Amino acid sequence: MSNSSLRVGIAGLGRLGKRHAEQLARHTPGAVLSAACSPVPAELEWARTELGVRRCHADYADLLADPEIDAVVLVTPTTLHADQASAALRAGKHVFVEKPLSLDVATCEAVEAVAREHPDRVAMVGFVRRFDPSYARAKAAIDAGQLGRPFLVRSQTCDQNDPEGFFVRFAPSSGGIFMDCSVHDIDLARWMLGNPKALRAFASGTIALHPGLADCGDVDNGLAIVEFEGGQRAVFYASRTMPHGHETTTEVIGSAGTVQIGHGAHADRTEFRTAAGVQHAALPDFFARFADAFRIEMEAFVAACRGEIAPPLTLSDATEATRIGQAITASLRSGQPVEIKS
Amino acid sequence: MSNSSLRVGIAGLGRLGKRHAEQLARHTPGAVLSAACSPVPAELEWARTELGVRRCHADYADLLADPEIDAVVLVTPTTLHADQASAALRAGKHVFVEKPLSLDVATCEAVEAVAREHPDRVAMVGFVRRFDPSYARAKAAIDAGQLGRPFLVRSQTCDQNDPEGFFVRFAPSSGGIFMDCSVHDIDLARWMLGNPKALRAFASGTIALHPGLADCGDVDNGLAIVEFEGGQRAVFYASRTMPHGHETTTEVIGSAGTVQIGHGAHADRTEFRTAAGVQHAALPDFFARFADAFRIEMEAFVAACRGEIAPPLTLSDATEATRIGQAITASLRSGQPVEIKS
Amino acid sequence: MSNSSLRVGIAGLGRLGKRHAEQLARHTPGAVLSAACSPVPAELEWARTELGVRRCHADYADLLADPEIDAVVLVTPTTLHADQASAALRAGKHVFVEKPLSLDVATCEAVEAVAREHPDRVAMVGFVRRFDPSYARAKAAIDAGQLGRPFLVRSQTCDQNDPEGFFVRFAPSSGGIFMDCSVHDIDLARWMLGNPKALRAFASGTIALHPGLADCGDVDNGLAIVEFEGGQRAVFYASRTMPHGHETTTEVIGSAGTVQIGHGAHADRTEFRTAAGVQHAALPDFFARFADAFRIEMEAFVAACRGEIAPPLTLSDATEATRIGQAITASLRSGQPVEIKS
Amino acid sequence: MSNSSLRVGIAGLGRLGKRHAEQLARHTPGAVLSAACSPVPAELEWARTELGVRRCHADYADLLADPEIDAVVLVTPTTLHADQASAALRAGKHVFVEKPLSLDVATCEAVEAVAREHPDRVAMVGFVRRFDPSYARAKAAIDAGQLGRPFLVRSQTCDQNDPEGFFVRFAPSSGGIFMDCSVHDIDLARWMLGNPKALRAFASGTIALHPGLADCGDVDNGLAIVEFEGGQRAVFYASRTMPHGHETTTEVIGSAGTVQIGHGAHADRTEFRTAAGVQHAALPDFFARFADAFRIEMEAFVAACRGEIAPPLTLSDATEATRIGQAITASLRSGQPVEIKS
């Protein structure tokens, strides 16, 4: 590796953090995973032995103080994102922060303000689907005018049911199903529709399998309609209870064409024929669906930090997604449409 | 044909009426198309020469007075359905009436009351999708418990764009996109979910291509969420502006499985590979999609009239679909959720 | 029905004969099923009571002598086809004969000779797939030049395994798997490729599940390559042992495009998602696959007899298919390529 | 990277060699791309500047003499494979050699003999499809008995037409379409069927678009049937003239189930709907189809060299594929079935 490699420090080595760390250590040209940070000693030990990471910090402040780090990748619990991102920028580091930036719009805006003070630092949010080759092809077709004027997005994030209900325990801090899952769909809708201003949201939901969610006002299946200016619309569906696997799909409907992304949820290119009919396996989870996208996302972040490309998305994208997600969540709770003010 | 054939008189020989007439004349075992009724002489002439219908009436009263008719099939404009259906029952005829029974719930209930006075007469509404083999297989799977508890229906009725905008002229009397298109989806949702009570509706829409619709408060793309008791939900999408053809789909999501019906919209079993990629034609319209279902529907009506099967659906199904459709339409206009009272 | 209806007599009321009889009696405009012929009294009784056929003959000679019959539809055992078809023509009747016309080329040619003596009588062979809407669309695309020059056909006829092995008992008289199943594929290849002259055939096969076939030199899975003049080629696959259902497919490969017909074998438009993955039912048998085609085929025969259309295929098509089928069968037995002389 | 990383030297930096080099330099854990070898200075320059390869050799002998190399990856022209592989083994290096090992069976066997003298060195052939996740899933299903007894493989390798006809110039040394393309299908058939002994081959072909192939007895579309002992069969199709892209598919048919791999050739997960119908892009070439497999293949080679896994395939697999491929090619030329002796 050349001296000009971007030296990355990762914070958070949980379910997703481990994946990002592996990408950075093994598969991201132009980057070296120089440091890792976690309060959990076993996680640091894993980074050291599995990935050969030399600089391991139990304390996030130490990571930021580390002079051998150019950029920070934040895969920590959602509640820490905003403060850690701001601190990273203030420490002079580029920062990649997992979605959602914050569950609170004002907090998002505060991070944006910090970023404005550090215009030479890249600050990017982990809306990974934008980096998926299929989403990228759809977006390119839209930009090339192949769909005419896009006016409607239908998008879903549906996870396979986890009978153990892990996410029930996670629910109190997740921000609810719309902030946790649909935030991707919201971001995509804005992206595909050309960043229109959102005006209003309505949501409805149900608990199909996980009664424990009721305590925190959450549901395991949620529907939402968002109205944008200029008549554009989006409808979202989020589910935790799919029987077959992970099926994340998006459809963009334009005046001259539509594009569907992800329908069918094929795990791979096999199809079986037996006495039970014709069958194929579905994708087990979003890691399987977006493995390439996670890799390309890190490559894009590294390339942006190295000045090779413009940052493909900004903190403001995160703020707007949170703004809409919060309105949807408020509508779910109140049962009434919620105005979105910006 | 045996003497016991059901003697059917058809009223209305427009776009759909002609199809029903052909089915009855040529392809419906146990029935003879004995009479036709239309105010348009050319339509009657068509019935006489093409289908060999002997008894042609310009006036609906004459059709009902015809003693050689056992059953009436109504494919007249929507505004006539309710009165004509009631009159048919009072004249001692079985009656099949195209959807919607009426745009007004009270009017639907009035026809129901008449039907109760004639318990030996069959009164059936044209929710044709229930007779489509794919919908029937899905329903059978649900009834067999293969999906666990069904809790969500997602259903769409999407027509290919008609650049001439015929339906714009039709809009003032159609009842709007939800009454005209989604009424099928509404009926299916009730059927698939086990006839739950509808509690509330919210709708939103947009005009993508046909500004003329604004005058009558209609849209060419509409979205609606319906909340049923017990936490069941439905979300509907109706469009007049599909670029590729007719794509009517329904998905039923249960606690243990889901079923999708109609996705892909293949016109047939061909798939082409050229420099433009892999391509297949889409269905042009609902006639192409539901040709079999229209035939089976008429067979079912005839069989019910002949006492061979129980009527597969009742006027009450029509009333409930109108009730929900009206609430959705009211929500579209008010922008607020609308309570559904029954 | 008008006096000008074609009066049809059917001979053979077995598995396929019953279907043709139902079509003719109930669903074929312009035809009346006036008579039926079978040596089996119960079959005639079925025609009388189920279809209202008045004129029932135990003896084929009586059917031909019946002056109230304009056309004969032969669905009798293969060994009877040629003689019965010739006799029908000599009796002044139009004739539809199920495939194969004969297992013997000379016999086919003899029937052709008889037909030439009766140029005003229609003589048509039951290559039903030509009437399937998907095959028709493919052929139309080829004729319109959309595939460039078609040079290769890959075609299969694959039946669901019948554990009872009915066809094993049928094998001694079926002519073998290639004459019984692939004869359709052979006809399609000729049709799609523009009736090129066949030069040579090579075949190979195996017995996967039904050892009883060995006695008559037959296999339950067979492969064949046919070389046509001008470099055109075809490859066929026939199987009796599919686990999932009936999957009949054809692919035509041209210099500028290809078309696939029938891949996927969807029984209908439903797709299920459960813990077992994504699944759809396959077509159970060729009746389910070609129900429409059998109807359209009879309509075409009736229309040809009534002079409304030119006969869509000729006895010579049957002769050529038999010629190729016999060469393939001879190659299967000898293990060597077989020249095809015409 | 730890000291125990496998130090790899690559020979050949052409179309495929560049890909392997990138994988090894950037994405293969446990390996370092230490050296490169090519007679073309510009190719070495690319390896130096793009991949940071320090040790660049114009002469293959120098690569083998390099003490800092543990393993050699051969992506050189086919005619060099055998000698270079033997030399690598004799120099004490592990060797990965691209397919085909040789166009000549005796030469393959000679390399096998050398390998036997170096039992502690890994010698592996680049049958990349075995490492594709879909092929791997299919194989696992077969090994788990889900298909019953597999008895038939149908497999194709079909490239998009290259109007420039690059491969025509390549034809004289490629060994012909069956050695160049079908060798993968042959290897897969053996793998999926459990390595049965091949008995006989028959082939036929045609030139659809590239008359220049006639000079070297080659075709641009070829069909072949291979007979294995125990009644197992395979049928292959290879084409250079696909209009839409690369479509490599394989079907394994067993007594209780079948599996299809790769049908549909979707480039990604998008599907467009426009006035032209429903369309998706096809894969452009085998690099797009097998990008993951090429990566996994190199990982497997590296893991085998490091003793972490048993070599997933052996030189003998290459010998048998050549044996069958040669018989097919001989049959194409003679027009007669060719016995396969081992």
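Structure notes:
Residue numbering begins at 1 within each chain, and the chains themselves are lettered A, B, C and D in the order written.
Please note the rule applied: contacts are C-beta pairs under 8 Å (C-beta built on N, C-alpha and C of every residue); 3 or more make two chains touch, one makes a residue touch a chain.
What you are looking at is a predicted structure, and each value in this text was computed from that prediction instead of being measured.
When the interfaces B-C and A-C are ranked by C-beta pairs in contact, the top one is B-C. If you match contact pairs by residue number, over half of those in B-D turn up again in just one of A-B, A-C or A-D, and that pair is A-C. Spacing of chain C relative to chain D, judged by their CA centroids, is 42 angstrom.
Chain B and chain C have centres, each the mean of its CA atoms, that are 38 Å apart.
Averaged Cα coordinates give chain A a centre that lies 56 Å from the centre of chain C. Across the assembly, chain D contributes 242-244, 256-258, 263-264, 267, 273-275, 281 as residues in contact with two or more other chains. Residues 242-245, 247, 264-267, 273-282 of chain C are the ones that touch chain A when the two sit in their complex.
Interface residues of chain A, counted against chain B in their complex, comprise 149, 151-152, 154, 200, 202, 204-209, 221, 223, 225, 227, 231-233, 235, 237, 239, 241-244, 253-258, 263, 335-337.
The touching residues of chain C, when paired with chain B in their complex, are 1-2, 26-27, 29, 52, 132-134, 137-138, 141, 146, 256-264, 267-275, 281.
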